[in-house]
Each structure stands twice: as C-alpha cells, then as structure tokens.
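Order of writing sets the labels: A, B, C and D. Residues in every chain begin at 1.
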Amino acid sequence: MKRIGMLTSGGDCQALNAAMRGVVKTLAHSGEAVEIYGFLDGYKGLIYGNFQMLNGKDFSGILTKGGTILGSSRTPFKTIREPDENGLDKVDAMKQNYFKLRLDVLVVLGGNGSHKTANLLREEGLNIVTLPKTIDNDLWGTDMTFGFQSAVDIATECIDCIHTTAASHGRVFIVEVMGHKVGWLTLNAGMAGGADIILLPEIPYDIKKVVQKIEEREKNGSKFTIIAVAEGAISKETAKLSKKDQKKRAEESKYPSVSYEVADEIFKRTGREVRVTVPGHTQRGGSPCPYDRVFASRLGAEAGKLILKGEYGFMVGYRNREIVKVPLDEVAGKLKYLDPKSTIIEEAKLLGISFGD
Amino acid sequence: MKRIGMLTSGGDCQALNAAMRGVVKTLAHSGEAVEIYGFLDGYKGLIYGNFQMLNGKDFSGILTKGGTILGSSRTPFKTIREPDENGLDKVDAMKQNYFKLRLDVLVVLGGNGSHKTANLLREEGLNIVTLPKTIDNDLWGTDMTFGFQSAVDIATECIDCIHTTAASHGRVFIVEVMGHKVGWLTLNAGMAGGADIILLPEIPYDIKKVVQKIEEREKNGSKFTIIAVAEGAISKETAKLSKKDQKKRAEESKYPSVSYEVADEIFKRTGREVRVTVPGHTQRGGSPCPYDRVFASRLGAEAGKLILKGEYGFMVGYRNREIVKVPLDEVAGKLKYLDPKSTIIEEAKLLGISFGD
Amino acid sequence: MKRIGMLTSGGDCQALNAAMRGVVKTLAHSGEAVEIYGFLDGYKGLIYGNFQMLNGKDFSGILTKGGTILGSSRTPFKTIREPDENGLDKVDAMKQNYFKLRLDVLVVLGGNGSHKTANLLREEGLNIVTLPKTIDNDLWGTDMTFGFQSAVDIATECIDCIHTTAASHGRVFIVEVMGHKVGWLTLNAGMAGGADIILLPEIPYDIKKVVQKIEEREKNGSKFTIIAVAEGAISKETAKLSKKDQKKRAEESKYPSVSYEVADEIFKRTGREVRVTVPGHTQRGGSPCPYDRVFASRLGAEAGKLILKGEYGFMVGYRNREIVKVPLDEVAGKLKYLDPKSTIIEEAKLLGISFGD
Amino acid sequence: MKRIGMLTSGGDCQALNAAMRGVVKTLAHSGEAVEIYGFLDGYKGLIYGNFQMLNGKDFSGILTKGGTILGSSRTPFKTIREPDENGLDKVDAMKQNYFKLRLDVLVVLGGNGSHKTANLLREEGLNIVTLPKTIDNDLWGTDMTFGFQSAVDIATECIDCIHTTAASHGRVFIVEVMGHKVGWLTLNAGMAGGADIILLPEIPYDIKKVVQKIEEREKNGSKFTIIAVAEGAISKETAKLSKKDQKKRAEESKYPSVSYEVADEIFKRTGREVRVTVPGHTQRGGSPCPYDRVFASRLGAEAGKLILKGEYGFMVGYRNREIVKVPLDEVAGKLKYLDPKSTIIEEAKLLGISFGD
C-alpha cells in the first residue's frame, strides 16, 4: 500500500486538475492499493495538517476544469524559515505531518517558489515528486510547463479583440501580459496576436525606439499600433540601476504598472492617447486548452510511474520532446530566461516586430 | 439613382460591419443604382469631406469582422457647436459636404452622442437614417442595440476565467465591466458569470452591505466571492452629492476607477486582499456573436428598405420583438436606464445576488 | 414545508442546470423549508420511483455546466399510454409515486413531447410547473426557449469554420443543422454564418432554384457556396406527398439524411462535388452561452415564485420581453413554426439569401 | 531582385496564411527587391499559368485568417504523370511556366502529396522551398506541422460538447476525427477530450475489447462512454487482409465510414444505441490557434531566410525544438506514423484509455 500526499502550490493555473488526475489514474491502473492525502491550499495544508482523503471518484471529470480542487496559496515561500505567528517552525511542522501520516511520497505541483520548498523538504528527508506548473514557462529543467499554452491562448484572444478596436479608431493600444521576470508568455501571445511591438523583461527597451516604430508604421499607412508589454518589462535606463534602486523606483512610481508608464511616455512624445488593457488573472483561469490537457495528463502519468517505482527526488519535465525526470536540486532556485539572441527573437524581428532595443 | 453617405461614429463595437453589409446588400438586391460614399472616422469624415467610394465587394465577407471598415471617432460630439482649430463651423461643413455630394441620405451607425448629432443634422435639413450601435444597450427607443450581446459574451468569459482562480485561492475578485452610466452590460455579464455581488450605476451601493454579503458567503462555506462592478457604479454617499461634486470627487480620487476603491474599502474592513481585473476595450472587440450578426443584419436590411422608400428621420429600432422605425427626435438626448425595480433585478436577487443596496 | 419533485425530459440541451439552479436558489431565498426530489432520467425516474434527495449544494456551481445533473431520456413520450414490458401502467405509476411522496408540485423541464406528458399529468390531478427547454425554439406560448441561442452559437461556429475551407477550395458545402420540424435554428445559424442558401422545413425547396443560386454566385465571381440545411428540409415534390408517403420515402431513401440528397442532386445537375458536414449532437452540448444562462436563470426564478405562491398548471414563458405564465393546456400539442412570410425571412432574402423557393 | 513563386496545395488547413505572411515579411525586412507570383489553387495555377502578382499589403492582416488567400486544390497529385484532358503534360507545363516567369524559387506549402510533387519538380531543376502543412501531423522529417494543433482544438471542442450530452443521456457516443492513415490528431483530441476509447489506424482494434471497455465502465458506475475514432481506424480482421482486399471491403461496405460500422457492431453486441458525430471539414477551418500562428510564422520566417541565402531543395521543419532544413528527397514519399509502442500510447493506457487492442 502506498500513502501519497499531494498539494498544489503557488499561483493557480490551468491543467492542475488534469495533472493530478493523471497521477491518480496511473496509480489506480497499477492495481496497487493507495491512500491519497490531499493537502489544502498548498504547503499551508501540510504545515497545519489540513487535508482530505481522496479517491478515484474525486479525480473523475476534472480533466477540463480550471483551477485546483485542492486549493492553492503562496504560503510559505519567502518566509519559510521564519516561525508563524504562533511560533511554529514551518519546516518542522511539514516534516512532522509527513511522518505522522506515514506518507511514502509527497507530490507537489508548483512553480519556482514551490520547487525551492520541495527541494528543501527533499533535503530534510521527504520523498518528493514534482510537476512543473506555471503560466510563465520559466521553470528550469523543462522545455515546457503546463498552464503556459492556455495562458498564451487567453492573452492572444485579448490581443485579437483589441486589434479590431485599435484598427477602427486608429489608436495605439497596450496589452499588459503576465510575467514579472520572464517574457515567454508575452512573446508568444504577442507573436500570435500580431503585436507590432513587444516589450520583455529580458530585452530592456528604449522608449525612443518604441516611438520610432509607431511613427514608421504611420508613415507606411498603418494608423494603429499594438504593443504587448510584459508586467516585468524594463527600460534601458532602469535596467542600469541596481536591483535595490529598481525596486525603489517601482515603489515610488505613480504608475500602477510599467504599461501605464510606457503609455504616458508615448503620449508625451507624440501626443497620441494610448489605451492600456490588463487581462490580469483571466490568464490563469478557465478550462485548460487541449495542448495543456494532454501535456499535463502525460506528466501526471509519468509521475505515477515514478511513484510506483519508488524513484523520488525528481521533477517530471519535458526535454527535446521526451518526458524526463530532472533531479530537484538542478531545478530549484533557477529561472529559465528567454535568450535575447535566441532564434525565436530573431524570427520575430524578421516578421517586423520591434522589441524597442 | 440613390447617393448614399454612410458613417460609423463613437466607440466602435461588434457588428458595425454586419449592419452596413445589411444596408448595402438590401440596396443591391433592389436593383436600384446606388453610389455609396463611406465617410472615414465618423462625423470627422463628413466635416472634412474625407470619404471613399464603396461598392458591394467592399461589404462582402465582413459579416463576421469586428470593428468598422470605415473607422470611427468620437469627434465632434460635445464640441459640435464650437468651431475647429481653423475656425471651421462643423455643422456647416457637414451640411455643405452633404449637399455638395448631392446625397439622398446619410446613414449613421452610432450610440447616444452620435444620435444627438444625427438629430441635429436632421433639423438642419439632411435626410438621416440611423442604426443603434452600442455595447451599453442604453439607447432610447429600442429594446436592444447591436454590440451588446457580444460584449456580454466577452465580459462573461472573463468572469468565467476569474471564477476558477478565485475558487482555487479563496479570494475576493472584482471584474470591472464597461458602462459609465447604465448597468445593462454588467448586470447581464454578472448574472451569466455567476457573480455574487453586482454594483451598478442605477443602484447606489452601501459598502457595508457588500462586506456583509462576503462574510455571509464565508459563513456558508464559500471561500471566494466574485463582484461585477460597472465602471459607473456609485456608493450611496457619493450618490447624494451634486453632479458637480461627484465629478470633483472622481477627479481627486487616488483610485484609477471605482473598482479599486471598492477593493480598498473591502480590504480595510475585512483584511481580505481583493484582486481587480479590467477587461476594458476587449469588450468592444473581436468577431460579433451570432446573435449580433443576425440582429445587426436585420436592422441593416430594414434601414435599406426605409432608404428605398425614401422614409427619413428615423432610427431603426427593436421593440417587443418587432423591428420598428423610431423618430430621431424621440431618441436623441435620452438614456435607457435600468429600472432598479424591474423584474430582472428582482429575479437576480432571488438568485442570491446582492446589489449592495 | 414544500416537497418538490423535479425532472428533465427529452433531448438534453444547454442551461438545464442553470434553470434548475434558478428554481432552487429562489426557494432557498424564500426561507421556506423545501425537500427536493430529483427524478433520474426524465419521466422514467418518476415512473419507477428512481430519485435522489437534493439540496442547495447540489445546485451550486452548475450555472455554467452543460447537460443535466438529473439525466434525461425520451421515455415514455409516444408510448405513454402503453404498459411497459412488465405490464405497468406508466401514467398510474407516475401518479402513485407523486402522491406516495406527498409532493406539492412537479417541476418539468422539457420540450414539446415532455409538455404533452406534463399536461396529461396535470389533467390527472398533479400540480405541475414547467420550463421551456429546447434547442429548436419550437414551443408554443413562448417567444424563446433556453438552449436555442447556445445551439445557434455552435452551429454558427461550425459554418464559420467551413467558410474558410469552402473559400479556399472553391467548393459547395452543406452544413446540416438540427431541426426536424422547424427551422428557427437553421435560419439563425445560417444568417449568422453568412450562408448563401438556407433550406427549412417550413419552406419547401426547388432543387433547380438551389442550383440556380450556386450558378449565379459563380457568375458574380464567388467560387464557393455555403448551404445550411435543416434536418427536416423538404423538397417541393416531397411536400406534396401525404405524411404517410413522405415517411415511406424517407425510410426507403438511400441517403442518411436530406443533406446528402441535396448534395447528390447538385452534383448530378452541375458536376460539382458537394461536401456535407453534420455537427449533430454537438449542437446540444457544452457550456450554455451567456444569453441562455441569464434567460434560464430568470425563468427558473419565476418558476420558484409560482411554486411559492402555489400557482400550478403553467409553463413559465417569455413574450414581448416579459416573463409570463402560460396555461399548460395552451402549450401542449402545438408547435411554433416559422412563418415563411415573417419579417425575418423577408430580411434574409434582402440580404441575398436564397431559400430555394 | 528575387522573383518568387508561391502556392498552397492539398487540403487547406489553418495557418497557411500566417506561414505565407512570415515568408513575405521576412523578404520585405531584408530590403531586397522581390516580386511575388501567387499561383492560384495549388499546382493547378502553376500548370496553367494562373497567378496574381502580390505585394506586402496582400499579406497584411492575414495572420489570423483561416484558409488560404491563394486557394488550394489536390490537383494533380496521383495523376501528375498523366496528360490533362487536352493532352498537356503537367510537369512540362509547370517547368515552362516556372522558367518563362524566370522565377528564382517556388515556395510550396503542402502535405504529403504536395511534397512528392515538390521533390519531383526539384529533380526537374526547379528551386524549391517547402513548408509542412497538414492537420494530420504525418509529414516525415518534422516533429510538428502547422494546422495540427488547431485541428486538435476543434476536434477536442467537439468531444467536450458531446461529453455533456453523453453524460446526460447515459449513451455511447462516437466522434469521428480526421485522419485516414495516421492517428496523431485522433489520439491528441481523444486524450484532451477525455475519450474512454480511441481507435487509430496504427493500432487495429478488436471489437470485443471495445465492448468489454464499455461494460467495464458501466460496472464501475459510468453510464456513458466516449469513443474517438480516426477515419482510418481498422479492425484486426480487416488489418489482416491485403491492401487490395481492404479497399474492396471498404467500397462494398454499407457504412458511410468505419465509425458507423463500430457503432453498429456495439449495438449488435450490447443493444446500446450508439450516436456518431462527424465534425468533418470543420477541423480544417476557422482561425488558427495561437500555437499554430506562432509556429507557422516562425517557419515562414526561416523559409524567407533560406530564400535570401539561395538555399534550395529543403523543407523547413521542426526537430527537437529547433527549426531545421530537411532535404526534400528525405521527406517525399514517407509518412510519419504513430508508433503503437511510443511513450504517449503507454501513458494514454495508464490514464485508463483503451485502444481496443
């Protein structure tokens, strides 16, 4: 008999349920008896021993459902080493609950922060298997994460809608796409939506180049311009500051986000009113796209196989079109950035897209 | 031979192209010779004589296209009686261009502001036929406007996406829906998306009632709450102010919009972090929904019939499931508000929705 | 305390769950104690006493879910007066179960056949309230049924997809839309999808007119033609036969459906290969569109109000934009056909659509 | 100056326009003067010298448009070596037109058949660059083709719709997915849609195993079963026949397609009525999904680069997440089948899917 803990951690995304269903179906298929402890609201559930016993039925019919049936939270992440308000040591508490329940393994579905914690728990002696969940596609060790393509679809649909209104009014429009540190989502949605300018965290922009592109388009008869801006887009000047000064600058900014700053700068330089649209959390929500459903199900199945074989300490990832197991200590603490010199950036430029660089 | 001017005015919306196609197809079908003068960017094109000659081919294949092939603008609207920067009298200019081109009729697709101008031009002796375009559904004289149902669809999809993430994180979420003066769009999207609280311009809210609903839900085991807030939602206190003081208050507000104020008030009272999502202009964009395609096509066909019969001075509207012609001076200058005592509001309350009143 | 039976009968459609949720939320909101008996798989559940006790939680979160949580079937319909295979009298069995459970009312969500049975049960002394469910929009006594607009959306999306491939290959395409007896669905989807020819049960077609339209289009430079054909479309010759002979003809036909016959006739007359697409049951499935969610919720709320007031023997319908109660004996046994001389048909013709008449 | 011929051949699919736009934007970006000859309706246009001169404007705004602005056809394919009805040698005609127009290169967007012809033209001395277009994803030499993911999305949406109706009625449903020779599309749509049984050309099925799965599901409390059947699914008995006998059997079959045969066999063995849905050509149509837009744009850009460098005789493909050039003679005449022993099939089985084997 296997006793399996499971939790979903960090910002939710599409296909978390599909992935968990994949794990559970694979275990069920093996014929081995299993008990599934679903910890509620991420690591918080493990810390405070808050869980539900789940069985196959609970995972039936959830392939297409957005969100996570276990709930999620960002707790504890950065404060993991600090005691909680009652003085409880969080890592200790998680270990105790794991061992008290005599779990064979803890399955963690999460992004970067969650993988740091997962690796820490591994170091503390817990058996861990993880699955790469994030709309940002920035997890180290895997070419793809689930949630990403669904988020691309939603952000693209948003740009598509803006396209018709931008063209009708001859306006400049900014669509702010999620992604504080990496630009995969913005780049793909921007390319798919036919954005004219794409501003990414990895390629600091020069506002003069942005304006130049808008004016070039006008000269060529295009009355409108669509700009896809990542939440973490950064100007060349700001990029030169120390991280500390960047943070200070952001805190003191009068703009709700960088998109509004870009809009204002364009207005000041050209007199053009610029509209900003922020799809925000919609990018994490709704039913997963078919790609993510298949992908997350496959990863879940492979996680199930690892559990059955007793191979722990791995993230199930995807590399060169093969599903692979990646040691957790390789994954934790690293981010998969977009290389400004990568082929896809070069191609985007050939397609006429400006990155403001 | 008929010489027909056509323009789309005000904020763009879905099915403008479908409606124009309806007019043109009907004229073509009649066998009568027509010349179509498409004025660019709304009344601006008429003021400055900026137009394109169009034929049937130009209207082929645009049934499903969002936006408007003629472009649109909000010019001149409020400043219609003021001369432009070169001292040009706008109304005079429009009249002159109309008569210089020897037009038989001007077809105007627009919302409230555009209908005021259309009626003014009618008073000045122009032959006018109009079509009711707006995502707000607030035009007097018609039960329905085209663009409305498409906007409901997009705003609902947005709430659907937010639902999964709200449920996963146990959070309070606000979705800000378009509508400064009337609440049709927010009400319908809110009901369709299963919002728990809906705040509308026509029903001033009491923030204490809003908080009470959130806490009631929590007591009943619902960890999350979705609030649909119209851009023009207003608190009971603010509603008591004079229009002038309301405007002053809005200008001095530190919040980008009322949604953020509601979010902050909830946070202050309950400690709950509230996320705000603003789909914004996406609500005007994209391909029209099937309902709007059929509806706009029908209205366009009826406008074509009026033109062929030489019946001018009307908006083609929809009342009690019949397409009717409504005298322009009945339409201009009035808004179709949502009645707080209407059946649909009562039903929404029976469904458990709070309006914060 | 109210004891309420509920069942969904006939072909399923979108927004059945939304409507039931509306009823139950309204009852819950009243504060009156209720017991809800959900009969499974339509009248079958009532005949055999197969039911589940349901509470508010069961109806939570189902606003957006397609299908019906109670299951549905077409039993007994035409055989209602015949005993079942064990000699059980079905009407008697339904009465007995109704009275044995001491129900105050039976809520029936159904279409034409289901309304006949509902009215029969009313005549037998049961308290009945019904809701108009059908993708066909053919129920007498109401301007609109829920499920209809969702089906229009799906059928239109299908035509949209076919449009691009038809245009690319310069082909004639038939999309077969649901509707054996009435053409509302085909007409609306056809108009929304830009079909060039629409064949309906209410307007018998002449294949020569169909061919003529295709050839006319070719002369005018359109290489492709889209035909929306209702399942029950009928040629002028067939329409002249007696119902009995029509049935015989259909049974002996070598074509799976009339679409294939139309395709073959076009091929024989023009040498053009015609492709047939049959979206079939997809038209009944998936999440209800926002229009249907709001509409079904409103009808459900009004049904709840009738129950609370003890007003029985009605279908909750929609007329002239008002929700009304319609006596069941007015509804039962009638079909709401499309009038070939109605305004919408005239408008469709002005838009250039041929009905082959 | 470069003189570039371009054509789209075979069944149309999504993102053909996006790919052509990618080529043309890249050429425009290079600054080199180009003349673009767009041959109409595939190779047919090249044979008969039927083309249009195109410029950048023609490729603007088509990123999101389904179909192909050049038109497509399956001509000549199998009859390429036969003279046409006027005795014209097709290969000769293509060569002559190519050289008469002094083309530098011919860009071909096509699938398997089109690649055979492309390679033949290469052997005849034409400069060729090709792009891998097909919803089947069966082209040799590339991990992915454009059109595939869009088709998966549509077929999945179809299964999603069927899911709600199947569950409501407790029925067995078959969705017939495109794919005569390979099962990639059916496998992915089936997995994404949560099909219980998937029948593929590469894995001959035993109808007894299919029935067994349906009954197993019923025993476990699932009243319904969804079966995704590829057009080219084949039973174990049929698979044992020679190709010739298989063809004969198909021609003599009373069923329109294998799906109907499977449905009938299930009915005969279990008495269950089985419904068949055939989305058909909708799978090729509509706006490309974001994945395909990005992917096709990238391939187009790389084709543009090859042209600028004068590297001819290649298909631009995608392998191990890198865009590569694949010699045409490696591609032509081969099919990329799904390996029944591949990981994805194993994973699908772990997820509980039966392949009837």
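By definition in this document, contacts are C-beta pairs under 8 Å (C-beta built on N, C-alpha and C of every residue); 3 or more make two chains touch, one makes a residue touch a chain.
Not measured: the values here are computed from a predicted model.
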item: Those chains which touch subunit D and also touch subunit C; value: none
item: Chain located farthest away, centre of subunit D as origin (C-alpha); value: B
item: Between subunit A and subunit D, centroid-to-centroid distance (C-alpha), Å; value: 31
item: Approximate Å spacing (C-alpha centroids) for the pair subunit A, subunit C; value: 42
item: Mean-CA-position distance for subunit B and subunit A (Å); value: 35
item: Touching two or more other chains - residues of subunit A; value: 160
item: Topology of the chain contact graph, where touching chains are joined (line, ring, star, complete, other); value: ring
item: Interchain contacts (touch definition) - all pairs; value: A-B, A-D, B-C, C-D
item: Touching residues on subunit D, where the partner in the complex is subunit C; value: 8, 11-12, 14, 16, 41, 65-68, 71-73, 154, 157-158, 160-165, 167-170, 173, 223, 256, 275-286
item: Subunit A-facing residues of subunit D, complex; value: 21-22, 25-26, 28-29, 63-64, 143, 149, 152-153, 156, 160, 188-189, 191-194, 289-291, 293-294, 297-298, 301-302, 304-305, 320-323, 343-344, 347, 349-352
